[in-house]
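Attaching a single structure in structure tokens format; questions to follow.
When the chains are written out, they are named A, B, C, D, E and F in that same order, and each has its own residue count from 1.
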Amino acid sequence: MSVCKSTLSRTGLVAVMTVLALGASATLVHAEEEAVYLTQTNANIVWTLLAAMLVMFMQAGFTLVECGLTRSKNAGNILMKNMLDFGVGTMLFLMIGYGLMFGKDIMGMIGTDGFFLSFIGSPSPSRDFDITFWFFQSVFAATAATIVSGSVAERTKFQAYIVISVLVTGLIYPIAGHWAWGGLTGNAGWLESLGFADFAGSTVVHSLGGWVALAGAMAVGPRIGKYMPDKKPRAILGHNMPMAGLGVFILWFGWFGFNAGSTTMADGSIGYIALNTSLSGCAGMIAAMITVWVRFGKPEASMTMNGVLAGLVGVTAGCSELSPFGAIMIGAICGVAVVVAIEFIDTVLCVDDPVGAISVHGVCGALGTLGVGLFASPEYGSITGFFYNGDLTQFGVQLLGVVVFFAWAFGAGIVCFKVVDSLVGLRVSRVEEIKGLDITEHGSEAYNGFQIFSVE
Amino acid sequence: MKNVVAFIRPERLPQVKQELFAKELFGLSVTNILGSGQQKGFTETYRGVTKEVNLLKKLRIELVVQEERLNDAISAIETGARTETEGDGIIYFQNIHGVRRIRTGEEL
Amino acid sequence: MSVCKSTLSRTGLVAVMTVLALGASATLVHAEEEAVYLTQTNANIVWTLLAAMLVMFMQAGFTLVECGLTRSKNAGNILMKNMLDFGVGTMLFLMIGYGLMFGKDIMGMIGTDGFFLSFIGSPSPSRDFDITFWFFQSVFAATAATIVSGSVAERTKFQAYIVISVLVTGLIYPIAGHWAWGGLTGNAGWLESLGFADFAGSTVVHSLGGWVALAGAMAVGPRIGKYMPDKKPRAILGHNMPMAGLGVFILWFGWFGFNAGSTTMADGSIGYIALNTSLSGCAGMIAAMITVWVRFGKPEASMTMNGVLAGLVGVTAGCSELSPFGAIMIGAICGVAVVVAIEFIDTVLCVDDPVGAISVHGVCGALGTLGVGLFASPEYGSITGFFYNGDLTQFGVQLLGVVVFFAWAFGAGIVCFKVVDSLVGLRVSRVEEIKGLDITEHGSEAYNGFQIFSVE
Amino acid sequence: MSVCKSTLSRTGLVAVMTVLALGASATLVHAEEEAVYLTQTNANIVWTLLAAMLVMFMQAGFTLVECGLTRSKNAGNILMKNMLDFGVGTMLFLMIGYGLMFGKDIMGMIGTDGFFLSFIGSPSPSRDFDITFWFFQSVFAATAATIVSGSVAERTKFQAYIVISVLVTGLIYPIAGHWAWGGLTGNAGWLESLGFADFAGSTVVHSLGGWVALAGAMAVGPRIGKYMPDKKPRAILGHNMPMAGLGVFILWFGWFGFNAGSTTMADGSIGYIALNTSLSGCAGMIAAMITVWVRFGKPEASMTMNGVLAGLVGVTAGCSELSPFGAIMIGAICGVAVVVAIEFIDTVLCVDDPVGAISVHGVCGALGTLGVGLFASPEYGSITGFFYNGDLTQFGVQLLGVVVFFAWAFGAGIVCFKVVDSLVGLRVSRVEEIKGLDITEHGSEAYNGFQIFSVE
Amino acid sequence: MKNVVAFIRPERLPQVKQELFAKELFGLSVTNILGSGQQKGFTETYRGVTKEVNLLKKLRIELVVQEERLNDAISAIETGARTETEGDGIIYFQNIHGVRRIRTGEEL
Amino acid sequence: MKNVVAFIRPERLPQVKQELFAKELFGLSVTNILGSGQQKGFTETYRGVTKEVNLLKKLRIELVVQEERLNDAISAIETGARTETEGDGIIYFQNIHGVRRIRTGEEL
């Protein structure tokens, strides 16, 4: 195809090519004699876009983890909820959320413009990046809603869940998000103005989701059979550990986009951000495995998986501020904490959280955010933690942020769930719950052919 | 010896087991079945096509008991399995003409 | 390792390094004092390659969707077919397809050189890009064949399928592909010369595959038990919805590569192309869910999943031409259409398409292509649609393309299936179909240990 | 949001922004009037990091393949082993492995510094890349350990496995790795100094893992029921082919990172490296399918999947040195070889390797490495093989490397397994094996609800 | 009362059900079984090793019927299940010494 | 005719089958069951909560045999299934009042 090839060279110029191709699908570009280089703006677009794709893919991970750790009779419902979180979440963030979160703000409290993608103007590199940034933020928003899905699984009406998902992505997340991240578009959210640091969202995304999840699990109540009359918890086994395990790996994979992509810049820091992310996940896994082993006698898989996620959630706030050893410390702390928290919530609070969402996202998100105030290394990001400078100021700010987010997310969550309960009802009937939501809410089962029986 | 067979709701098994064990009836075999009776089934819709499901998930439990324990067994199962709504199932028993423990070969 | 580190700095130059490493695995490069930048050509290679990887990964998504929506007794056969599509497809595209599609053309009808990778010359940046471009095109070709797999699932002889897969990737796809995309290598396919626009292949890849799938489903006939004697369709339930759901998420993820990668350039447009892709998938999901809910009473999962894919297929033609709201419109239209089309094909045409491939890829591909003529926004790509300029010319060209591709793909498909039928026979025997293709065609079952019974 | 947008432009400078954002999550950067370009160093970081993510994701692929090809009663154990490989592997490589592999060396034999990430100094582009390089190497190390998991599956004590995993990533892999790849950090490993070429690790990673796997399978002995008293092998069916199939697709996807990422540079060669990788996998698949078909009468799925992996393993050594046709040859040879090797190991050696790890990674890794000496094309990498220059020198060096790695990995493997056996015992009891490791080693089953029975 | 048990092909269940329902026999319990009889099994090949599968998937259906409905039940099952090829299975019946409905406790 | 039913360990099925086939008893139906008897169960721990599993996986095998083959059948099953540890199960038999082959309708 030598002729063809020389043709390729001839068609090098983009402009010429575009005319030639008359709207065809792709455009070949070759380096001319004088070298052309990739602009940093376009590099940032490429990087941010790749990261956004990875974060979007995390949706699959959340689905599989939730699905695997619950019973097969609700698997289809869980799938629907997670697709919905992304579908509806993106739409809501498009219409309302982004504006509230990143619009021109009032007193660092709330954004007020940029609704309905209204910031899109005429074509320009700046618009190209803005759109990419918007896309990246939209996939983050969907994540927050998805966390709630896990804690209310197996017993919540699908209609109720839709409304909750809308409220989380459309209001609860973006309003609070503005306080910590409004500065990304030149505003000054009141929390970030105080110095609150949460690089990729241990608190802003995960804890927020986790505390709404807590409100949800409390509002909707435990699954039938979860607690004995004497409040002793019973085990309701997840139906598919390999599925949950695949979900954990997908989340881990996607988390590199979540954390390293939060630079929204193709700069050199992405390498150690990703390394920190990886190390913390590993440390979380090992710590949780050992904790379970010591505490319950055997290294149980579902808790170990929660340990990975705990480490990943924990390092999210500080991935750009921690040294690798700091990341390992955070991961290990979260790995231990998640096991303790799951047991505490299950047996002491008697709140039924089928997948451990409250512990993983709420508790470990908070711990990771506090950890920034302790472990942030001057060699990495711009913050220095207590262990390096003996100063608890940063820790105090972190604590404030953690408390504020808890109050907001849990409070707003409780209100939302109560409102939804009175509007459409939160919970399916006893008979529906026993039959499973797949048949009663969606009209067909998730598995067919397989003999699936639950004998208790 | 008698063979007692009952068809029950899956979610009642724990209660039935509890009742039986309380009466020191430990020998028990449980099978998953699909059954129809007086209880109606339900319909599924898959890709726009409706499908009637008239076989419901039930359990078949089977006990080999001594003649004198027959009534205990039946009443234990009934107590454990009864919800007084359609679908509770039936219970029947038969004569058995010989039973042996495989491990020892002894006649029971 | 400070010594080591300084060594690292010393070995900065690529050339020196390569000699030093004597063929070793990797080469460390560091920024010298005078900065070195990434050339646009290499950036394009990186981007196009990443996109190609993502499109390759879609193969996993197709497998899972098809597998999940069919019965367990054929799961292994479906896996084999999809691996084969990629394996054989790549080989065929290597030997014949690429030449027919992108070789120097005759009257815009067919390419005539570039077979057997013959365009590869001596090392050069241009060759590097050409190879990457070739790789990207090869994964596209495999996609077209895979679509057919779904509609003929559960009843087609494996041998027959191999021949079909060869014909689709080796002939049907590349010949028609040339008409619309030959210009990418400096030719002028006759359709693109008329102004036909199909950026990433709603028609060129998806509709083409969908119409061949229609021919296939008609030729091979419905599965045993699909239709009652009175032609009333019966439900043959898919065996694994979570599996299909994972497939949908993987496809969604990969689709960002499919669409945004079709620039084959790391430029700024990839951001909004990806955003459009995402929004259309979301809109498709929501629209399909509502349509199913209204039409059949409950939000059923398998149709909602088809809705996501419908939106993604629909936006593929215009992702670079649509505004975000245009993308949402296209997605919503396709989401409704896919439900209607599936019911129509199932109950009116009485064509048995187990996974909805014809509706998703054929119908929504066509609608999306037509949509370019209506919704293309002057603010984005180079085309302006009817709703912006009141001119139906572009729509007419789009319609022409859609019709031409239908005629070609359906016609060639029918011929191919008839030929294959007379050569090796299309369909397995009744007994084999009841036993399942896994045992009869491949000699062992896909699941073991699980008690799997189909009682009707 | 026009105001917001202009704010965006104002905040272009990274430095300014960082101050402004006070530790907030992300930083928007826009092209200033004078264009800013992406440095090659940062491009290398982006590329290497993306590749590292992909390689990390391969862990999911390994898990699924191993899980799918074994019985359901051990699925949770397999999941735990694979999470552990990554978690513990990364930690060990952090503490010891990297230093042994890439530290300043003694006589080309072993690295002696760089332990505990000690090479990390103050912030600099060079540090940024070093960390990324480190991360990339750490995910490679985890891969080596994971290969062993497959061959000892379903019968090995979890505690024993932990120790083995530690030894492989902490000692066996990095020591030998230094011989072939120490040069990447400016050392001169003795094998690479002789000219041994293994670009991405057919031998260094895969064969090494495969030979340790052989030692392991021999040491731990066959599964109960695998062999009849007369040594005739019996089939122990894998429980989930679609799961294994997804694993294969994920591995294929990740392999693009494994091979093309091994440049650790965003240069033009990554395109053809990826193409070669893809083609070899395809050829391996086709060759294995045909071989199985001819040999055993039907195209069986699990062997065909092994064929894909065989092709991918085979091309790993030479992906940067082969022409596309060379890659196809290597893939085809490995595809045939893997079927023959699996049968040979199973029926002649009577070594029970449930997933074919020894054949896929050990045998095909060796073949692929030898193939470089035969097929390396002068048009691509820097080496010329026998078929191009009639000179067997390179082949001789390759053979030496293959033999040395076999001796080292198998020998060290045998020693390690014996030591572990005497310390904690390698194998679970007969009763535990029959019950399954999920219950006995981890305390709960992997699947619940599903009726799973193995009747033989 | 009688207990009727039949081993049938899975794919014949819809017909058997139809025949039974047509005769107003609604009480029915279906179990998945693996069976061997006169029909030969098949061989699988997995990773180069041949495996003989001589237990085939069948269904066990069980009905408790009144004495006078016994023949109806048997003929319904036979009509529904018969394909006249090997593997159609067998049908047998036994006496039952007592049946009760769990919901109500009434003797049947 | 007699109906022989045994509850055995799943892993003993191949031996039981072998013994039966050796005695030319080819008709056999196998069901998966969960059973309890003298053998104790085990405990699982899931997410920190302990769960007692007292129903173990067993198989129920069922043979319809002629009167004169009854002892062969029983001894074949016993030989194949016996491991002499708890959990081996039991075997029982009953009278049958009629058997027919569905394919042909012939009385057996």
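Methods note: a residue touches a chain if its C-beta (ideal position, glycine included) is under 8 Å from a C-beta of that chain, and two chains touch if they have at least 3 such contacts.
Small disclaimer: the values here were computed from a predicted structure and weren't measured.
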**OP:** Show which chains lie in contact with chain C and also with chain E.
**Re:** B, D
**OP:** Going chain by chain, each one touching the next, work out the least steps from chain C to chain D.
**Re:** 1
Original post:
Which of these, D-E, A-F or A-B, makes the same contacts as C-E in over half of the contact pairs?
Top reply: A-B
**OP:** Calculate how many whole Å lie between the centre of chain D and the centre of chain F, each centre taken as the average of the chain's C-alpha atoms.
**Re:** 46
**OP:** List the centre-to-centre spacing of chain A and chain C in whole Å, with centres computed as mean CA coordinates.
**Re:** 29
**OP:** With chain centres taken as the means of their Cα atoms, state the distance from chain B to chain F in Å.
**Re:** 18
Original post:
How far is the middle of chain B from the middle of chain C, if each middle is the mean of its Cα atoms, in Å?
Top reply: 51
Original post:
Using the touch rule from the top of the page, what residues of chain F touch 2 or more other chains?
Top reply: 30-32, 34, 44-46, 51, 55, 94-95
Original post:
For chain D, which residues are shared contacts with two or more other chains?
Top reply: 37-38, 41-43, 46, 50, 125, 129, 237-238, 240, 246, 296-298, 300, 302, 443-445, 450-451, 453-455
Subject >> Which pairs of chains touch, using the document's own definition >> reply: A-B, A-C, A-D, A-F, B-C, B-E, B-F, C-D, C-E, D-E, D-F, E-F
Subject >> chain B-facing residues of chain E, complex >> reply: 1, 3, 17, 26-32, 62, 64, 94-103, 105, 108
Original post:
Taking the complex as given, what residues does chain C use to touch chain D?
Top reply: 1-5, 7-11, 14, 18, 20-31, 35-38, 41-43, 45-46, 48-50, 52-53, 56-57, 59-60, 63-64, 67, 75-76, 79-80, 82-84, 86-88, 90-91, 94, 117, 120, 122-123, 125, 128-129, 131-132, 134-135, 138-139, 158, 240, 243, 246, 438, 441-451
**OP:** Enumerate the contact residues on chain F facing chain A in the complex.
**Re:** 34, 44-51, 55
Subject >> Residue ranges of chain A in contact with chain B within the complex >> reply: 434-435, 439, 443-445, 451, 453-456
Subject >> Interfacial residue positions of chain F with respect to chain B in the complex >> reply: 2, 6-8, 31-38, 54-55, 58, 60, 74, 77-78, 81-95
